[in-house]
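Taking it in order: structure first as structure tokens, then the write-up.
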Amino acid sequence: MRLPVASPPLSEPLPDVEADDHFHDHCGVFGVYGHAEASNLAYLGIHALQHRGQESAGIAALEQGNINVHKGMGLVADVFAAKDTLGKLPGDAAIGHTRYSTAGQSVIENAQPMYARTAAGPISVAHNGNLVNTEELRNELSHSGALFQGSSDTEVLLHLVAREKGTPIERIQKALGRVRGAYSLLFLTEDSIVAVRDPLGFRPLVLGRLRGAWVFASETCALDLIEAEYIRELEPGECVVVDKDGLRTLQKLPPQRAGRCVFELIYFARPDSTVFSRSVYESRKALGRTLAKEQPAQADLVIPVPDSGVPAALGYAEQSGLPYELGLIRSHYVGRTFIEPSQSIRHFGVKLKLNPVPAVVRGKRVVVVDDSIVRGTTSRKIVKMVRDAGAKEVHLRISAPPTRWPCYYGIDTPVRSELIAASHTLEEIAKYVTADSLGYLSSEGMHASVQADKRGFCDACFSGEYLVQLTAPEAGVARTH
Amino acid sequence: MRLPVASPPLSEPLPDVEADDHFHDHCGVFGVYGHAEASNLAYLGIHALQHRGQESAGIAALEQGNINVHKGMGLVADVFAAKDTLGKLPGDAAIGHTRYSTAGQSVIENAQPMYARTAAGPISVAHNGNLVNTEELRNELSHSGALFQGSSDTEVLLHLVAREKGTPIERIQKALGRVRGAYSLLFLTEDSIVAVRDPLGFRPLVLGRLRGAWVFASETCALDLIEAEYIRELEPGECVVVDKDGLRTLQKLPPQRAGRCVFELIYFARPDSTVFSRSVYESRKALGRTLAKEQPAQADLVIPVPDSGVPAALGYAEQSGLPYELGLIRSHYVGRTFIEPSQSIRHFGVKLKLNPVPAVVRGKRVVVVDDSIVRGTTSRKIVKMVRDAGAKEVHLRISAPPTRWPCYYGIDTPVRSELIAASHTLEEIAKYVTADSLGYLSSEGMHASVQADKRGFCDACFSGEYLVQLTAPEAGVARTH
Amino acid sequence: MRLPVASPPLSEPLPDVEADDHFHDHCGVFGVYGHAEASNLAYLGIHALQHRGQESAGIAALEQGNINVHKGMGLVADVFAAKDTLGKLPGDAAIGHTRYSTAGQSVIENAQPMYARTAAGPISVAHNGNLVNTEELRNELSHSGALFQGSSDTEVLLHLVAREKGTPIERIQKALGRVRGAYSLLFLTEDSIVAVRDPLGFRPLVLGRLRGAWVFASETCALDLIEAEYIRELEPGECVVVDKDGLRTLQKLPPQRAGRCVFELIYFARPDSTVFSRSVYESRKALGRTLAKEQPAQADLVIPVPDSGVPAALGYAEQSGLPYELGLIRSHYVGRTFIEPSQSIRHFGVKLKLNPVPAVVRGKRVVVVDDSIVRGTTSRKIVKMVRDAGAKEVHLRISAPPTRWPCYYGIDTPVRSELIAASHTLEEIAKYVTADSLGYLSSEGMHASVQADKRGFCDACFSGEYLVQLTAPEAGVARTH
Amino acid sequence: MRLPVASPPLSEPLPDVEADDHFHDHCGVFGVYGHAEASNLAYLGIHALQHRGQESAGIAALEQGNINVHKGMGLVADVFAAKDTLGKLPGDAAIGHTRYSTAGQSVIENAQPMYARTAAGPISVAHNGNLVNTEELRNELSHSGALFQGSSDTEVLLHLVAREKGTPIERIQKALGRVRGAYSLLFLTEDSIVAVRDPLGFRPLVLGRLRGAWVFASETCALDLIEAEYIRELEPGECVVVDKDGLRTLQKLPPQRAGRCVFELIYFARPDSTVFSRSVYESRKALGRTLAKEQPAQADLVIPVPDSGVPAALGYAEQSGLPYELGLIRSHYVGRTFIEPSQSIRHFGVKLKLNPVPAVVRGKRVVVVDDSIVRGTTSRKIVKMVRDAGAKEVHLRISAPPTRWPCYYGIDTPVRSELIAASHTLEEIAKYVTADSLGYLSSEGMHASVQADKRGFCDACFSGEYLVQLTAPEAGVARTH
């Protein structure tokens, strides 16, 4: 096997990388209009969406034409830990945001919801997605005198809104006409919430109802927590406004090619959510069942890499008839604050998070089901861990095709050279992760499992078929929310 | 159904109670002798034992006859978050402790390891268990001039050690002759670690080896994390010392009646651990299988209350032939710092932690498997949650007998009047939790499942048969570590 | 005496007001160009200027064309307390800022130095003063699409700079042509520092030299701390740039009417500073001497209200021949964090800060010298305190004329209705503060003492003669830096 | 001049040392009995005594026989900053403590008030002073089984109290019979406050009255803040108890040799206090007057080293007829948290705290008055600073004799080898500090000035005449409170 020197993941991974070698979703958004405790609901809503971003959190609330914002770095519970924080966000409409970001961009200037005072009044925005033509827009804006505080594409969007003419809603619509890319957006204006999905509908956005109030959220799990009723998915390209006159759709596209992110179903969304009108849990089980058909294994039992691999492993077990066991235990107490001891005994990475159950795997041929292999370093450790606990054979099964391409539509992915499947064969990967066998789900199997015809979903991270053309500067860099 | 007025759990539970209605173990202990990074290992060890106590954490390390201690309120990762904390605990022997406690006693004075300078040199101690004759000892000590800083029984033990004569080890042995109750203890003296289990062996304690070093821990999961080899369980009544001359057993009892806590196997220990020479995971699966035999249900599927109910639910599904599904999702982001919004939308309790998967339970007859019902309030919410998500029937199955009696041997249990099974019939409980049917495991089934003959285990919380006589003052109060 | 109901200071003052009833300067600025430890020097510089603002602090440093900024709420020592903060501000040019603000505007968005990325590169600015035509500029900018983050006039100035054309320096000069008001400004561009004083020169700004580096500061005490040499005051209307080609004056006005703030000499500046080419200490002593001539008292001794009243009291004592004593002791330990006990024993205000020395004042006729009376509440307490300590008579002497008008040029003053001298006679004030006699310095005496001919200084807070016309919106509100 | 190699202060002082080269008092104590807001008053009381110790603070309050304690490291305002802290200390009697300590002993275990539960009930104690025979007592106690948490002599005292027989008051009196050294003590028992001064009365303690309540404090400035009336000094050897039956003296010694600490009058106490029945301010002025007589100077003006040198400088100026000026300005913003920049520009030490006023000293012959020279490093920097600001001559005058001996009675002093006057002649010191002349007050002049006949005061730090015999272990080490 030829492993090129320049291929970093196969040599010395960073401890943080080891501990969580996944693609990462970049944001959760939540909005509520018409409830006396809007900011309290927003707090609960973004808490339910915490899995979509753990690096910053914020809420903007509308009170009599004024918008108050509180945001900070850290988890929702920490950002809003001080006693009176929510009390300082009165009003009956609010939007919230929770954000993941790569280290370099993890700064408060990029935290959301963003806010500015404009000629059309105060405006705040929460964005899930990534715009791909912001470099040229930023240059243009800059040359006509715009000031930029941070490096985010959402700030570019706010500038565009401020420079258009008309009502806040007209400005928002005109500004959106100038951007390309992935966005599920919630705008809070002086008297309304405007909710928009990009024409391809990359990122999810759902609509719910809580008695008289309207609710928007990235996933239905946020509706469930506040006991709101799920109404429907916003459609790709749809723009909805809710104000004192109620909810209305301002714009809707005819049925067309869409680009829903299939990885939401594979890994990002919470299993108890409905996204893209599909049960995430059922989708994952179906992926596992198809995987069992396509990639059977002579084995004694099936175990998931918890927690994300559980539904696919259940599907695999069901289809294959092999017993399902919880052979790896996930610790509840691993967070970002854990300081590893600094000397010879470091590099605990995955071990701090996962521990095998020897009684389950000892002497057994074990199928380990996971949802993806990014760099391969974590998989390698998991296989070793299971084998060290006594497994006779370890067969790794992945409930998705190989991830070979970076995402430019709102997902944090490594550069291509770090994606092990981009430059290595199946055999090389199997050897690197030290598995007795390795099997990925096929692209067809994936689409069939989640009932995702290729015209409705984006699978660029597997196929390299990007649906929105990138302009030059973005091509090299995924800047996201 | 007769519901007495004085029965608080059936009316207005406290939010905190709702969120975690379990018995709680009171401590984890860890020790290492003969490793250059003793405090770093202790840090990892107590991190692995974090599930045994989340309210305070501490480490005492031995360096050339001196003992340095660092302890604080909070999780292990928080208490040791400051950069140089572990660097200030040099030396090649260390003991660590992680502690749960009820609110009133949650003070730094009671945090462990405890430390004092005595005529036999510095001494530190980490204690898992509860002594039952401390009131009379405290009175006696007090009248002869002892100063008490806190309210813990471990402090009483330290006074006894200080007042005996001889070497530190002789003093420890003599002092232990005066106390009664449950204890797995690690003493750090000026040149050794002394590890002891009480004669009935209520709480677990295992011995491991990491190259040349000796390791002690409440459970094997702490050995696994640091990649130490599991040697054996310390026996009830055994006293072991390790110093520069190596490890030796100072005292051992002939085989006799023992009192291992059966609840360690049912709920407290981590499923990947071995305690009392039994795999916790396998024990829980066996409980689930027996439960399926004793308490079958006409149903479509089996779901656990995650995470603790998972193995028993797998056993139940395996035995019953019903499909196993993950119908309830547990949030990773609920910690003690979560501030509930303070107005009409409060009381989220269980909902913040668990959310049903409607796609799984909708229209189904569901068996929900949990390990215990304490006050009943959480079970009631879970049943309601599953039913609201669309389940046609909800059959609650408990993988242990009804918990009717408080524990005085190191477990935090409510007073008897709060234990719903202490004063209500099966039918009353079923009605209160709104389940279509309710079934507990029998006492015989429990003992058979975990291969726990009644002469080897304590089941007082189910049977009321207490193995160590309580002195008057303790009878009313469970004071624990 | 007629005390109108609507006059708030004479009834129930807020505790905070009591403790510090002074006008407040709004900022200190500091800059250094050409020193390898620019941000370290800036840190020391703004620490020396801490008396000019205690609510936020910040530093912007220039490294190879990039500007890094760190700022926060609180004292300089606190904002930069974290270990590596200054290390993250490398480069050989830096500007710093320390800010006071009224409660409502005390938000991080208004903290300085402000920063933005513009078409002319990154730019940062530190501002001492207040612009008086920002409302109209903000409207104009807003209507052409500008986004505003906060409420500060400095942000308006940054927008103007971004919208002009040309080099950064050309843009700055053009932008300044559009603003009116008080400003001593330090701009940090991608390759220079630009230092400017407004045409009337309200606020001070001095130039110094530290070996090869150039230094700018509000007061000379900042030069002293870093052992830089004082070169000269920047002149009103002067604009200086320093870059790799050295220092040069870009613009200078012919001698004309100026508006140096006389209150800098009376109270704001540190006594060890030179501002407006005058020794602050000597100026205050001269004010005290003139006060003694104009307002003699039949008394036994002179005491200052420490620390600001000390030089004037020394001058008064010297001129009058009366002994000078330190009859009031100022506590070193009163800061903003002091929480007053919350029940019947509150309202300690001034007492926490000042305590009389009974041995000094007992049985004596005492002249108390202070620099100003704003609301009168503090003076009342001080007079009472001295009398309670045994003084036979208390004669209050103020080393400035009555303060009757608010300032719009960078000083935080209460609204006119709260200025006791705006609506009450000398007799009424004397009666309110319970002094046996009260004497203010005359306007002529003030000007003569500080050698401040009326054409060179602004005394609007005493005379109501405002030198820069206010536009309507500003007339009612003093918005400051 | 011969400067021995081993003499550290003349070479490389630590930055901290530079900034504050004084002897330090080790504690302030405060107590109140019979007031509904006892802990609030204690908070204010120890705040007023903050100058006596800045490293830890604490309050113990008595409520219906129970004692609650809150203490922590840091300033009073910080330790009690959290909102409800004082609310958790209910009751109508309380004692408070504020503590200075050397670095090694600055640990929470040594913070006061100390507390323990004993056979005589709960007991808490606040101690100002130092016991000199604790090593032998600690050994004795340890051998009979006592546990020690920290290294403080106050803990030894608590053990002695716990081991005696009888009522709490009887135990306290018996225990005090066993200790030697300096102590002003406040005990809080289950129903009383007991206040005691050691037979020589080293440290001050005064009695006051606030309406019906009795108040104890180290200095009268604490009485002043809460507006309590000063009744009298407790006498050396006096023991007073206050309980529900009122205040009574339990024990009083006949007039005899006493050892009041003369340094309290020279430097430690606040100038607005009365200690040892003398006005501190007047005492210091008298020292300055005598100094002017003994050590005149051909000079133009007198300046103090602020703030402590002010009264003596006023006395010197008054006696000499030279003008008094404030030629050095003290910054209000220097606290313990100031982090010095870490590279070539460090060592700001004294400059951060003091800055000369060039306008005052330029071209002048200046007398600088300070209260002591410890290591000489600070004096050297001050002399240089004044000379650099333009003084023609600098004449240093010290309002006390040379400090040549360490204190064992509650004051933090360097070891003898660091006291510059212990090993150097007047000429050597003058040369080292670079003064044109140097003059100390004589011992006779000091005693006469403060009306302190040698039989009533301790001056061991000047004379080496120790009034209480030290036991061997203490002889080498000053352990203090």
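We just call them A, B, C and D in the order they show up, numbering each chain from 1.
In the analysis below, a contact is a pair of C-beta atoms (placed from the backbone, for glycine too) under 8 Å apart; a residue touches a chain by one contact, two chains touch by 3 or more.
As the structure is a prediction and not an experimental result, all values here were calculated from the model.
With contact taken as defined at the outset, there is no chain that touches subunit A as well as subunit C. Relative to the C-alpha centre of subunit B, the farthest chain centre belongs to C. Rounded to whole angstrom, the centroid-to-centroid distance between subunit A and subunit D, based on C-alpha atoms, equals 61 Å.
Centroids built from CA atoms put subunit D at 50 Å from subunit B.
A separation of 36 Å divides the Cα centre of subunit C from that of subunit D.
Of all possible chain pairs, those that touch are A-B, A-C, B-D, C-D.
Note for the complex: subunit A touches subunit C at residues 115-119, 142-149, 158-159, 162-164. The touching residues of subunit D, when paired with subunit C in their complex, are 37, 40-41, 43-44, 47-48, 50-51, 75-78, 80-81, 83, 86-87, 221, 224-226, 270-272, 274, 279, 281-282, 307, 310-311, 314, 318, 323-326, 329-333, 335, 337-339, 341-345, 348, 351-352, 355-360.
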